[in-house]
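A short worksheet on the structure shown next.
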Amino acid sequence: MSVRETIYAGLTVLAAATIATAAWADGETIAVFTKNQTNPYFQAVRVGADAAAKALNAKTLHYIPTKPDSIPEQLSQIEDVVVKKPDAIVFTPVDYKAMVPGVEKINAANIPVVNITDRSAAGKFVSFVGADDYSLGLETARYLLKTLGGKGNIVIIEGVKGSLTNVDRVRGFNDALKENPGTKLLASQPGNYQRLQALQVMENLIESHPQIDGVLASNDAMAMGAIEALEGANRTALVIGINGTKEAVDAINSGKLLASGDYNGFLQGCVGTTIAIRSLRKEPVVPEIVLKPTVVTKANYQSYETPIESRACPTWDDATKLGAK
Amino acid sequence: MTDITKQAFAPARAFMSDDLLQVFYRLAAALLICLALAILSDSFLNLGNILNVLRQASLLFFIASGLTLVVLTAGLDLSVGANVALSACLAGTVIHQTGSPALGVLAALATGGIIGLLNGLMVTALRIPSFIATYGMLWVLNGLTYWYMAGEIIHGFPAAFRQIGSGYLFGLPIPVYLLLIFLSIGTIFAQRTIWGQEIYAIGANPVAARLSGIPLSRRLLLVYAVSGTMAGLASIIFLARLNSAEADIGESLTLPAIAAVLIGGTSLFGGVGTVFGTFVGALILTLVLNGMNLLSVNASWQPLVTGVIVILAVWLDIKARRRGE
Amino acid sequence: MSMTLPIHESSPFNAPAPPLLELRGISKAFPGVKALDDVSFGVWPGEVHMLLGENGAGKSTLMKVLCGAYRADAGEFFHRGEKVAINSSSDAQRLGIAVIFQEFSLVPYLDIAQNVFLGREPMGRIPGTIDRRGLLREARRVLESIGFDIDPTIPVAKLGVAQQQMVEIAKAVSQNARILVMDEPTAALSDRETELLFELIRKLKADGVAIIYISHRMAEVFALGDRITVLRDGRRVGEVDPARATPDELVRMMVGRNVDMSYPRHFVEEPGQVLLEVKGLSAPTGISDIDLVVREGEVVGLCGLVGSGRTEVVRAIFGADPASAGRIIFDGREKSGGPDEAARLGLALIPESRKAEGLALARSVGDNLVVSALRKLFPSGLFQPRRVQGVSSDLIAKLRIATPSARQTVALLSGGNQQKVVIGKWLAAGAKLFIFDEPTRGIDVGAKAEIFALIDRLVADGAAALMISSEQAEICHVCDRAYVMREGRVAGELSRAELTEENIVRLGMHHA
Amino acid sequence: MREAVLAVTSNPLQRIPGVAIMLLLLVAVFGAVAPGFMSEVNIANVLVQSTLLLMLSLPMTLIIMTEGLDLSMGAVLTLTSLMVAIVSVATGSMLLGFAAAVAVGLIFGVANGCLVAALGIPPFVATLGTLGMAQGLALIVSDGQSVVGIPHSVSEIYSAAPFGIPVPIVLAILAYLLFHGLLYRTRFGAYVFALGGNREALTYAGLSPTRLLISVYALGGAMAGIAGLLMTARMNAGHPTAGLGLEFDAIAAVAVGGTSFERGNGWLGGTALGVLAVGVLRNGLNLLALPSSIQVASIGALVIIALFLDGFRSRS
């Protein structure tokens, strides 16, 4: 491969790229920021955003750090996007505090921005769309404890220490436990939202605790990891996760997983993008939609079985009714 | 004169006797850690926990064993983690499409092997330092995996297949049997085949090895291919253990694997080390993490402790060798 | 053993002045070895003091002591008659001692000027910075003074061995060294370059510099030396006046026994059939259109100036460097591949640099001896350490390799024994053609004779040898025929009858 | 050392380093196809985004020239950035925070240097160890939380632009000039070449390789400290994972820049170009809004191709 060939290679790639970009020609362009390319939750957000944009005949551009959850990278991407000047931005901060300067850059460029999923610590937003992690944790934990009859040995598997979602979810878990004095919290260990880590933490906990009745995991991946550990040790316990991912829904269907708090990335993506477009079109919007906590269980999982790709965004009226407040 | 002494004092010779001595030190260290844990935590010494440690160590070992060969040739493979991820995802797909675990295993081994071969070609044909070549490969593989998985998770595999990861045979986890099998294969390959000898010779002095009639490029290709294939194998075990494939499965694996190799007494200068040592290295790392879980030590301390152990192990080696001269 | 000639305890010239530098009873021990044992000698201004001794006689240690790299355990130094201490390189520099080692102490990617003044750079206005202009000025002055005409801004990495040596000397001169210590300075030089070096040394002498000159080569010992001190096993055997000594006497003093200096060689009148035939071989490394033939039972010399392409030729034949044109027919078979094919076919390369290209220094004698024979010894592919022990102990006995065991690290062997290990490696592999590149470089006289006896035995058993050597004496004594290289081409072939040093030089010289 | 080994090939391509070709290529292509790529703002963006990596890559070049490596830089950067945040929040003084950061950086740098030079532990191992330590400490001191409430002075200085040039760019240029002078115009610089090229030479010149080596690593730590201030200012917060993995980017940039891992053959200018090449690639792909997975893969491709070009040329 000679220098010239390399040059040709480069040119062709970028030619293709320009054609690709040219495809986003008409309608508003909405830049959608998510945390990483690996977590299914954010894939759901992206699909939701695309669905909404498609419905309203707008275009989305996705910006995702190449290193998962990288703060410097998302900052750089914001700076680059500000140059590109999309009509509006739908924004999930990789860190709700450290990304504030980025938000301020967007504000300074007067690009309307909708904040979804993690509530940014500061900055001007058209609106916030998210789920209430606290009540989500609380409700899902309550469901498990109710099923246990308000007693039993419980372990919590936490997500990434200090991440907004995890702090609130774990707080929800603990409050639910407080409501049920019959329960005993054996351990609360971090699995960093990682399946493997959760699996190995669980394996070790199983050994140090002969009797575990319930497992509260801060996300579905960790819940599934815990389930694998339990099966591996031929032990049984009720497990709940949070996010309501496809995987979790299947597991609920097959009875492995008791329940999953529906974090509903698809809706967040949908509504967030819808609001962004409406605000551009000078249509009325609401300053905040915090999705009501819903717990996916054996009773109601069917409605979640339709793959996100083939789901449709709710109408604006329905969307506004989704809000808890 | 001076460089003779340097040579003589730096990576010591590859006698069985010496290596056995080095490994013996390490086993002793591992036993000391066990002793300490047994005293500190009553749940350490029960069979289930020991099996956990072995099973978790085996996951680390499969990656590290292939890496050991690469390091023996004074090279490095930073792409193993990304390799595991891509192999797992492709294998997962194949199993889902065909329903045949066998084909899945083949797919994983093939993917891993091809990636290894590409690494080897970059090092031999393009003469790119392995450190950089495999770092580039790491990004390329991540890109492919992210693109291929698009944030989805492949989950739910045939029970028969999952036995590989979570099953038991005569009361021992199946991964432990695999561990023993590949530990012996690896040891025989390195110590008791002429290819192994040639690999040691290449590590000790590539120029001399080549001028002694050893087919340098072909052997290096072999080594990188083996390393890649072992990553492919590891991906299967992960797949079966986690019962799912996701894009970030390998992210956190590479540095621990390298650490295991180094703690195992394999010298980065090449020509010195054993596969068994790497196993002990993996064991030590796993014991430490297991202990921290059992004693519910704040997870934040784990990287710190690992770091200290790596330095300590290698430093003691160097001291021992200096005394040996 | 008996000492046949008178030892002069003082200067032979009964110089009135005290020696410029005198060592008295210097001793230095390392764990296990007594490297220097009560060594005394002096050097006067404007003389070349030859330091003779086999490898391991303590020459290198003595140098390290002189330049302050090692601290003597016992003994005293006197500078112009008064007692001084040499505990650091700065002490040595203050006394005007400069040492030129065989492995140059040059930094490849710094330019000549910076190398000459490394550690003594003229300061710029801002402390710590280098006054570039001043540096270059000084460098030019020094290079001028030793008649070395080169641009001081050229990085050393781009220089040849000879030029690098000049830089080393410039470095010494720049420290205005009064005492210059040189370790086998001609080892890597062609005859031409050697002559230039000798001129420079004579010039330095004239300026009153005292030179301590370490060498193996009898020729230059007598050509250059005003006085000779012989070391053996770390002890000073004696001091000799070259005018009154003969090579054989010196050798006896060095080795401690009588060594047959007439390289033993049993020439056969009728060489066997052609083993290696090279036709029109060219390579990007700068050799073109090489034709040569080696027959069984022959030792064929390959001579010429350093840089005339000798090494490149053998590397191309062995497949270490790719050839761009030509054919190599070995044992009737066309050869095209790399070293692995060469080794399979029965070629053997004993490279010039044992440490860098011949041995895995950190591995054991045994490991090194079998490395080329693995396929032959273990056709099944399964490796048995016990077998290695057997094979290597045979070879160790056969080649008289001085090593405690096959498990000894090669790095700890002497140069001669390391060379034997390299040869043994190919014996084990059952090679038919042995290609030697400077087989006796850095090997002491005793070992030299053994190596040549070995070569003689090899060819007597029907093998053949192709030998590169810069020492024409060796070529003339050992070879049946010789090819002489010039500027990457074969300048001519010399039959046994024509094989004289004069002819070699005549053919090898650029203006022939 | 045979002449053949040292001789330089007289290939004209040799004189144009691979990294320069790559950079020109990228700039040309993006300039052509990426809207707004050539705009003043965007160029400023690329430069600002590259400063952090440059701050690490400059000392990394020197360390690699000594045939060394520093894997701990990213983690140390993370830790120092947290120090800036924590201390300046606690004391309300940016200067104290900065001082603390540099101090911590220096401690780690010196530790690396001692492990490598004094204890003779291979650089890769030593710094892999300190990487773990720094990362652990970062998590412990921050308890996994991001630290906010940084005094405004920090971000104000960061976002200031004397003569229209953003402060980070000014700092980057200063840092580069400083290192260039240090490497090519001072004794220390000459000794860095010697550390990689021939340590004996230093000993014979009466200098201590050990002390020099330690100071090279210390320099790396100090720069990580300074970069820590930049990163904190950029995020207006401290975060326990923000800088992880940057060391590999830095090493890649140095390698892409044509510095070899052997015999002290380094080129500082190449490093700067390498850093820019990575920055331009990321920026351009963002402007084209290509799928992020392509961006990930193309970074790998950049590294491989650049090194291939170098090797390819040094062989032809």
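The letters A, B, C and D name the chains in turn, as written, and every chain counts its residues from 1.
The rule we apply is simple: a residue touches a chain if its C-beta (ideal position, glycine included) is under 8 Å from a C-beta of that chain, and two chains touch if they have at least 3 such contacts.
This one's a predicted model, so the numbers in the text were calculated from it and none came from an experiment.
S.K.: Go through A-B and A-D and name the pair with more C-beta contacts between its chains.
M.R.: A-D
S.K.: State, to the nearest whole Å, the distance from the C-alpha centre of chain A to the C-alpha centre of chain D.
M.R.: Their C-alpha centroids are separated by 34 Å.
S.K.: State, to the nearest whole Å, the distance from the C-alpha centre of chain A to the C-alpha centre of chain C.
M.R.: 71
S.K.: With chain centres defined as C-alpha means, what is the inter-centre distance between chain C and chain D in Å?
M.R.: 43
S.K.: Residue numbers in chain A touching 2 or more other chains?
M.R.: Where chain A meets two or more other chains at a single residue, that happens at 37, 66, 161.
S.K.: So which stretches of chain D touch two or more other chains?
M.R.: Correct list: 139, 143-144, 200, 291-293, 295-296, 298-299, 308, 312.
S.K.: Specify, in ascending order, the residues of chain C that touch 2 or more different other chains.
M.R.: Residues 103 of chain C touch two or more partner chains.
S.K.: Applying that definition of touch, give me each pair of chains that meets it.
M.R.: A-B, A-D, B-C, B-D, C-D
S.K.: Looking at the complex, which residues from chain B come into contact with chain D?
M.R.: On the chain B side, the touching residues are 2, 78, 122, 126-129, 131-133, 135-144, 146-147, 255, 258-259, 262, 267-269, 298-308, 310-311, 314-315, 318.
S.K.: Can you name the residues of chain B that touch chain A in the complex?
M.R.: 41, 43, 46, 48-49, 52, 55-56, 139, 142, 146, 149-153, 155-156, 165-166, 173, 238, 241-244, 246-249, 251-252, 289-290, 293-294, 296, 299-300
S.K.: Any idea which chain C residues touch chain B in the complex?
M.R.: Going through chain C, the ones touching chain B are 60, 103, 318, 320, 338-340, 342-344, 349, 351, 355-364, 367, 370-372, 374-375, 378, 381-385, 407, 409, 411-412, 425, 429.
S.K.: Which of the residues in chain D come into contact with chain B in the complex?
M.R.: On the chain D side, the touching residues are 115, 119-122, 124-126, 128-133, 135-137, 139-140, 143-144, 200, 248, 251-252, 255, 261, 291-304, 307-308, 311-312, 315.
S.K.: Where on chain B is chain C touching in the complex?
M.R.: 1-5, 7-8, 10-17, 191-198, 200-201, 204-205, 207-215, 271-272
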